């Protein structure tokens, strides 16, 4: 792994996709193929067992395999060569039945799905943690008043819980999407050279192969890659939802805003030249990933145009790209969990910031109150005028309005943030009801 | 619409997203808002009816609206201005309640979802036609022998039905994906300035608004755009599956292959300088779209990073891109239906092409037969040697093998294409069983 | 043009790429071809003149042409048909020589380059205006102190002129890039059906054709599209530089920052529900374009893989995408010129914001001063400690340091923003020297 | 490096960007900074020499550094910490002046440019080899007749040299683009915390720093990333030109075409189940890269929107993406050199394939000859009719035309491929003249 393996990625998921584990997953596929063929009676039980016993990563010369990939064009070709050699050294008869009737892509793709299945499990358990953390802060801050901002301008008050519960909804919809995808995604690839199966790769063999691997049986998807693209794009969507969280936090951490902060840690976020800074390092990593992943998803989609029964290039284009999408999304998720777990909220600063506009953000309250009396546009125009006066004279809007002698009682009420959060609290409660259980 | 409106697009769907219809959909939202507020008692029935009566595209000065968008930054602002003016000219009181308590994004987004709902309906009905056409050719050609090709090389025989049924599976999975998405996608946007609702946008108003529009109620997704990205990426996947079909057909149409052709039409696919050519014009259009759409999906994903309660730029980045994805996908789908409906299959050429390699593509048959006797790798090497001789001496492989005096009876059997299609026919039948009903 | 033609685009450049002008440019190519062939003696002067006289947009039935594009697959085929008919109605002999020896792509590509040449001219003149505006504000604000921000955190002071002169440098490098590209880009396409020229498309004809059109002669680039991709990517880079400006301004316009503003205009940037807001509408449009264009450039690059002598799909994929890149970039540029021309700078707020951290942003001054005495890391740690105290006790850093009795004279000096802007002023002056003349 | 390091990449360039070399390049920057500051008199010569002596990769604990990157957010922060510690263990005084006045980004960016400079050198020397190989085959095959193909259909004859010389032109224009870019690209980054320089980072220091490193001096481009994007997009263009070559070769290698082949090598391109196949493995790798790189370039362009004086995320998004673009492009180039060096051309098959259409591809000859007599459209229609007859009756076009008793002498002439290659030979010669020397 590279220089940035700890910054953008998750160590656990990096490990899952190590060269060793990638090859090991292909060996699991080869072993299950032999077992399935033995079960059906195509090869002998003895041969199958010998093959399975040889399907161990320790027997593989990975450096040689990497070199040989260049000749064959995929990882299964040199792996089968090595495996056959190992088996042959034990039992000549068994060596005839290694990879029997299968094609390289069967093994590469099934190995890949085995890793993806593990990845999706890890991702889901991490997503449940994130969900529970987001529920926690939504609940805790359901009434914590802060200003809502649109187009980077203060608009009117909301609660921090409302913001967090919107994050929560995005994440939970991603969880639902992953669940729906599984039956389509987690299927074996096993259909021989051109996807037609053959007498050694019968329907029965495919079914047992799938059963042994805990996957669904499937017809050839050797050049139909919609399943992998569904995974890629759903990870892209998840990563976008996480990026949105990081963007919000990084903006709230701005020196001039200072409402929410990444958790501090010894040595974290410090600048080498500005000792006082509290850089949004975790957010920056999540945002970097969110900048990159959309293009990687686009890359996957571009590679869907696979010629005939196996593509010359676009199949190959998937391998590293799909893995990179999984690695980066796992990194973003892990970092977002850290971010939310450690999040520091400065409620006082939130309240203080509401006052920055000297009442301007409450203008809509007044506007709405007036609207029912004089009409929306008229009210809008009148309040707009008052705002301009407040700005130019640097006065509080409340004062300006008072001087305008409007037909409004209890002006203070309109300038109390608590009265301006709409249904924020109820919305948070309703969202929590949906997701808490 | 542009110069290429007929080439890359579907006229029907172009029309659905015309400026007129886009604005009309927003007016439907404004009208439903007034009706919902009247139902709940927030505004008078009379005012609501006057507003609804004014929500007609005829009353909108579209040219002025386009100019004013530049000032407000979205289409709802000038539309509400125009609408309020029209209402006011009829009834001053009612004019106070136009767009009451709503924010521009509520109207833009809900209008957009209304159009998307229509689009998804159109798409689904077109997909059912494509599905039925693909079923038809899968069935018709389930036993039509052709060569399977991997990495652009002849590999071994399949049937054309097997190829077509793989296309069918890809398309049908896309249909399933669209269905799953609907409850998440087809929801209203109505939550006021910062997503918190307000006293004029109560939960009851939202529910009635949704009910009147035939959509689901929803909390604010003003800066949570996963739903739109799910649509975008599922269209991207569909477009990839269609592109794969077009790629296969365009390759099969090559002068040197000549197995399958786009339907001919007066003046279609002719070249201005080569009167004999039969250009894959329809395929070219589908492939052009398949090149473009992945990047547009990437663009949508990039725009997910929306700041706070409404984004300064990324919301805006969605508008034309999402529409373009829908327009291009609709074009690809319409063109693929035409392609499959008109497809011409030259079964004789298919059979003839199998003979091009002088038996080489049947090498695996021999290899497999030998494998159980002498081992896979040994068999592979022996057959590889025979193939080299066949190539260098330009002899048929069968002859070369005969001269090698292998331990194989009935050599002819291995060179009969009908014996080499594996389970092609059964697979097609099983796929048809899944989708025919 | 669409609903958003005024928001994201430049009307002038939209017009340049109207359907009418696109077809007119192809007619110019056809006319010049006839003239070049007449000059060389391949066709008669009379025929050439009749052809040229018929090469007028008024004679083209654009609606019919759009429909027919679907049959032929590109715009030149139906155009040549219509043109030939018009010529034939005047002179049968001349009609034999319309589009003589040329291929559709010759006309489509050359027409496109003619439009691009005009586009590049417009772009360059607009860029010179932007350059001059950026020079103006760099000069005006070369000493206007503001805080520099890194990772969205206040770092230490710079001047606004330094920021603006960095924008200027980016823009000027884009100007240089456009200039370098021209000889490669502005070449004709004229080489017949397969790029080999022919007796009617001789080298002499190509040279004259180029000369008449004010373009360079060129060998076939019918499936070598690096020139168009150079244009696309250089526009992508320009658009990124403009997006960076818009991002900075939108952040500086934040309610909590308030240092720089888009120029106000009647009705501009107002929110429909928050009358006080000053939305960065122009920035949002530029940023939306900057989100979209990178993906469109990616789309162009993906379409470079063009098969043989003319592609089945990827050539077609270029047409709308390249135009869209030009239209959006022109929109971004026009809007950036407006943005910079109207920019309002609040120098007082800039100074006030420097005090937000209560001296923390001057920590590096102290750190550097101490570093030469006690070492960088030690100094860093000591100042970090002081900062923590200042933060926790909400005291000004200067006071905290004073209480720590450091070995530093004249503490005030380190907290004067004017003393902390490094070489900002000199850098601005040097940059201006480079570009002013 | 990953499983596919030999398949998609160049070992030499992989090595150049190893973690070790990346850190070593940053150390070179730190060392040169100290030397420059000593030269100017800011720090003592002795301190500078001690620092320089410590700037050795052996002293760096890379594993620790990787972990610490997560805290600081970039590689320079932990590197400076380690370096300072090493220096301090030798000389306390010198340790005060490590990284003196610089910011992390100065070191990360300058280190990166140092690696890029080496990369560009390697790339250019490899490009010269490719250029010379392409010159060689263009020359060798300038008269080798083959069919030209448009939209995947046989069109009319060209020579293989014409095709190769078009490849050559694309590659040579990329060489020119790289040269033009260097003065903008190969500049140092050294301007301190916010790009304003400071008293320890004076203009003189910057100039000497640049001189010692063999780079150009430069003002801050800490958040102006057009230079890196120029590199990225020019590599994207190059990779597209290489992908076009690989696409052509892979299509020409099709079993049904068989005109051109990747060089054979022991074990190369074999299929695990089809011993006779000759898979375009090298082409597949180049094409896979050409599918991926456009999206990575798009990713770079998206990351240009960098906030203020240093970005929170988009700077970080560049690191791995730009490196990946360089690695993949180097891989594509190395593989293309191998491809062209080993290219096998079957001239007989080329001639044989011209006959596949039974004369149809010579239809344009007849059409052109007739055009001057009866008009283009009339000729087109007549020949189109003859072609249809030829197709339906499976007769050679020459025979059909003969039976039509056209007003054409010497019909044979029009069906001789040698007479149908236009100016192919002259064009190749002219292109060679341009590039040979």
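We call the chains A, B, C and D, going by the order they appear; numbering starts again at 1 in every chain.
Methods note: a residue touches a chain if its C-beta (ideal position, glycine included) is under 8 Å from a C-beta of that chain, and two chains touch if they have at least 3 such contacts.
Please read all numbers here as calculations on a predicted model, not as lab measurements.
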Revision key, fill the gap. A-D, A-C or A-B checked against B-C; over half of contact pairs coincide for A-D
Review point. Which of the two pairs, B-D or C-D, is linked by more C-beta contacts?
Key: C-D
Revision key, fill the gap. When centres are defined as mean Cα positions, the distance from chain B to chain D in whole Å is 32
**Study point:** Centre-to-centre distance between chain D and chain C (centres being mean Cα positions), rounded to whole Å
**Key:** 24
**Study point:** Touching two or more other chains - residues of chain D
**Key:** 73, 99, 149-152, 155-156, 192-193, 250-251, 270-274, 279-281, 284, 287, 290-291, 294-295, 298-299, 302, 311-312, 364
Check your understanding: What part of chain B is in contact with chain D in the complex they form?
Key -> 149-156, 250-251, 253-257, 270-281, 284, 295, 298, 302, 353, 356-357, 360-361, 363-364, 367, 380-381, 383-384, 387, 390-391, 397
Revision key, fill the gap. In the complex, the residues of chain B that touch chain C are 2-8, 19, 22-23, 65-73, 75-77, 80, 99, 102-104, 192-193, 246, 250, 265-274, 279-281, 283-292, 294-296, 298-299, 302-303, 311-314, 316-317, 319-321
Study note, to complete from the structure: Listed in rising order, chain B residues that touch chain A in their complex are 73, 81, 84, 88, 92, 95-101, 148-152, 155-159, 162-163, 165-167, 169-170, 173-174, 176-177, 180, 184, 192-203, 219-221, 223-227, 229-230, 233-234, 236-237, 239-241, 243-244, 247-248, 251, 287, 290-291, 293-295, 297-302, 304-312, 364, 368, 371-377, 379, 421-424, 426-427, 430-431
